[in-house]
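Multiple structures follow.
The two complexes that follow have chain A in common; it is paired with chain B in the first and with chain C in the second.
Let's look at the complex of A and B:
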């Protein structure tokens, strides 16, 4: 059994920032990261970030992990980072089990835990949706930007949120043709600046459209796309065929909360937060004492918000473990102010409605 | 849409038609559907199917999706060889 004061599950933007503030508060920290590399989804985000300078606006996502790791370096032995290490379960007695590689099973007994496991991609139901060539858009982004693998030659992008738009543009930069971007909603969900880049290159963005059937024998050869009415029902007679060998599904993310569910945390379906999320208090603690959350695991938002939530959860978690930071109240107030600013726009208002349903007054 | 060719669960090869038929027979909770089809019990532990199944139950029964009980998650989060667990805690640092 390994003992650690603060155990952070997930080394993405939220987890790394939680580590920074827990260490700054004086706690010893262990980070468990299932991938070989820290950074979570940042490792493939070659686009520049928006927002404010505290969250690295105008930096590219891929450059942010190095900045956070530099902040962590000075803590030496107080920090342990375990990569290629998957947390398997959180048990009633507070023990966390983890799998190193595929062969080593290790138990931890932390004083407090931050679960920062992020999200997974949502699936879509349509005919022949299991044909090879149909991917999650995030998976294609990983293939291209992390492993340098071109996924195919002609892509149909299903979903015009930021991920769909950004991955479409990055596919075009990699020399892949994007035949169309479609979205069931009557409006483009992502930022206008991303949509404009694609439209200027001549790619159609079809709103109120969905894919009803994938075509192909052994692998994807094309897709049937239909128009939808305002109640999201397919309008008969609007079928169009697009030839493509790759289809990217980008219909949103959903919180990856299984560890919290098995830990017995109170869970709730909150549509504004994109799925089943843990109930929490204002200090980012779930219904189970000592288990905290930060980032997409408690509601889908952007990396910038995940980082601020990480700093906050790290402060609260360290305080719970007996290391209350100097100027604690001041730091919390400052970070909460940054979050309020990030959530100032219309998509922020949507998130805030979700948080209101889910966050308990202490 | 032809629903016998729409895959809801890739791990156990369960189609939309399977789900709809079960709901129409009265199996209208995730747990009941899981017990019959093994949906949610495969390698992905419900990451693909959970929301698709809940939405289908909500549409067909008229109950709001917020009121439906998702599946119970249990350790372990990913597949682990039994031998690895049998060997126990391999904290080689002590």
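Let's look at the complex of A and C:
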């Protein structure tokens, strides 16, 4: 049994920031990360961030982990980082089990836990949607930007939210043709600046369109695309065929909450937060005492918001473990102000409605 | 299928490795996953679903979805999107649920 004061599950943007503020508060911290390196999905984000300087606006996502790791360096032995280590369960007695590599099984007994496991990509239902060549947009981003491998030659992008638009642009940067970007919604969901870059390169963005069928025997060879009416019903007679060997599905993410569900935390379906999320209080604590959450696991947002939530959850979690930070109230107020600013736009209003449904007053 | 020039990124590839996909010799690099190496060799089909035998490729590439499982050095159900390639690895397209040995 290993002891640690604060155990953080997930070393992405939320988890790393939670570690920074828990350490700053004086607690000892262990981070469990299932990947071989820290940084979560920042490691493939070659685009520059928006927001304000506190969340590293105008930095590329790929450069942010190094900045956060530098902040962690000075804590020496107070911090343990375990990579290639997957948390398996959080038990009734507060014990957390983890698998190191494929063989070694280790138990932890922390005073408090931050679960920052992030999210996974959603799939879309249509005929033959399981053909090889149909990939999550984030998966293609990993293949290209982490491993330097092209997914194929001609890509159809399904979804014109920020991820769909950004990955389309990154495909072009890698020298891959994007045949079209389509979205079921009547409006482009992502930022105008991303959409313009793609359109300038001559790629059509088709709104009120969906894919109804994938074509191909063993791997993808094409897709049938249809127009949709305002009630999202396919309009008969509008079928068009696109030749493509890759289709990227970019229809959103869903929180990775298995650990919390198994731990008996109260869970709720909140559509604005993109799925089943743990109920929490204003201090980021779930219905189970000592289990905190931060980032996409409690509602899908951008990495900038995940970082601020991480700092907040880290402060609250350390306080729970007996290390209340100096100027605690002021720090919390400042960070909550940053979050309010990030959520100032229309997509932020949507998130705030979800949070209002999910966060308990107490 | 490898990106040779990129406006933002440079790819520092490790040592060249040899591996075998269903007996066919292929090249990959140290530090990359089995799935990335296979994809760089222009192969998308990684296995078949256990019930309906439908072709399977990867979907998430980060270890969430289990769509990329293959038999590697005799071990079934290896997530090839997160497992690193090693010299001489024998990777097989998985056609059923796999057997524990």
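Everything that follows uses one rule, which is that the second predicted complex is superposed on the first by the 362 of 362 C-alpha atoms of A that agree within 3 Å, B and C clash if a C-alpha of one lies under 4 Å from a C-alpha of the other, contacts with A are read in each partner's own complex, and residues count from 1 in each chain.
Following the convention adopted for this analysis, a contact is a pair of C-beta atoms (placed from the backbone, for glycine too) under 8 Å apart; a residue touches a chain by one contact, two chains touch by 3 or more.
What you see is a predicted model; the values in this text were computed from it and never measured.
When both complexes are overlaid on chain A, the residue A:69 reaches neither chain B nor chain C.
Touch criterion met: A:2 reaches chain B, while chain C stays clear of it.
Contacts of A:215 after superposition on the shared chain: neither chain B nor chain C is touched. In the superposition on chain A, no contact is made by A:185 with either chain B or chain C.
Once chain A of one complex is fitted onto chain A of the other, the partner contacts of A:120 extend to both chain B and chain C. In the overlay built on the shared chain, the residue A:46 is in contact with chain C alone; chain B does not reach it.
Once the two complexes are laid over each other on the shared chain, residue contacts for A:130 go to chain B and to chain C alike. Comparing the two complexes, residues 120, 123, 130, 256 of chain A contact chain B in one case and chain C in the other. By the touch criterion stated above, chain A contacts chain B in their complex at residues 1-2, 86-91, 97, 99, 102-107, 120, 122-123, 125-130, 212-213, 234, 254, 256-259, 261-262, 267-271, 275-276.
Of all residues in chain C, those touching chain A in their complex are 1-3, 5-9, 11, 13, 32-33, 36, 39-40, 44-46, 49, 54-65, 81-82, 84. Residues of chain A that touch chain C in their complex: 34-36, 41, 46, 60, 62, 120-121, 123, 130-136, 138-140, 142-152, 173-175, 218-220, 256. By the touch rule above, chain B contacts chain A in their complex via residues 1-2, 5-8, 10, 16, 45-52, 54, 65-66, 68, 70, 72-78, 80-81, 84-85, 87-93.
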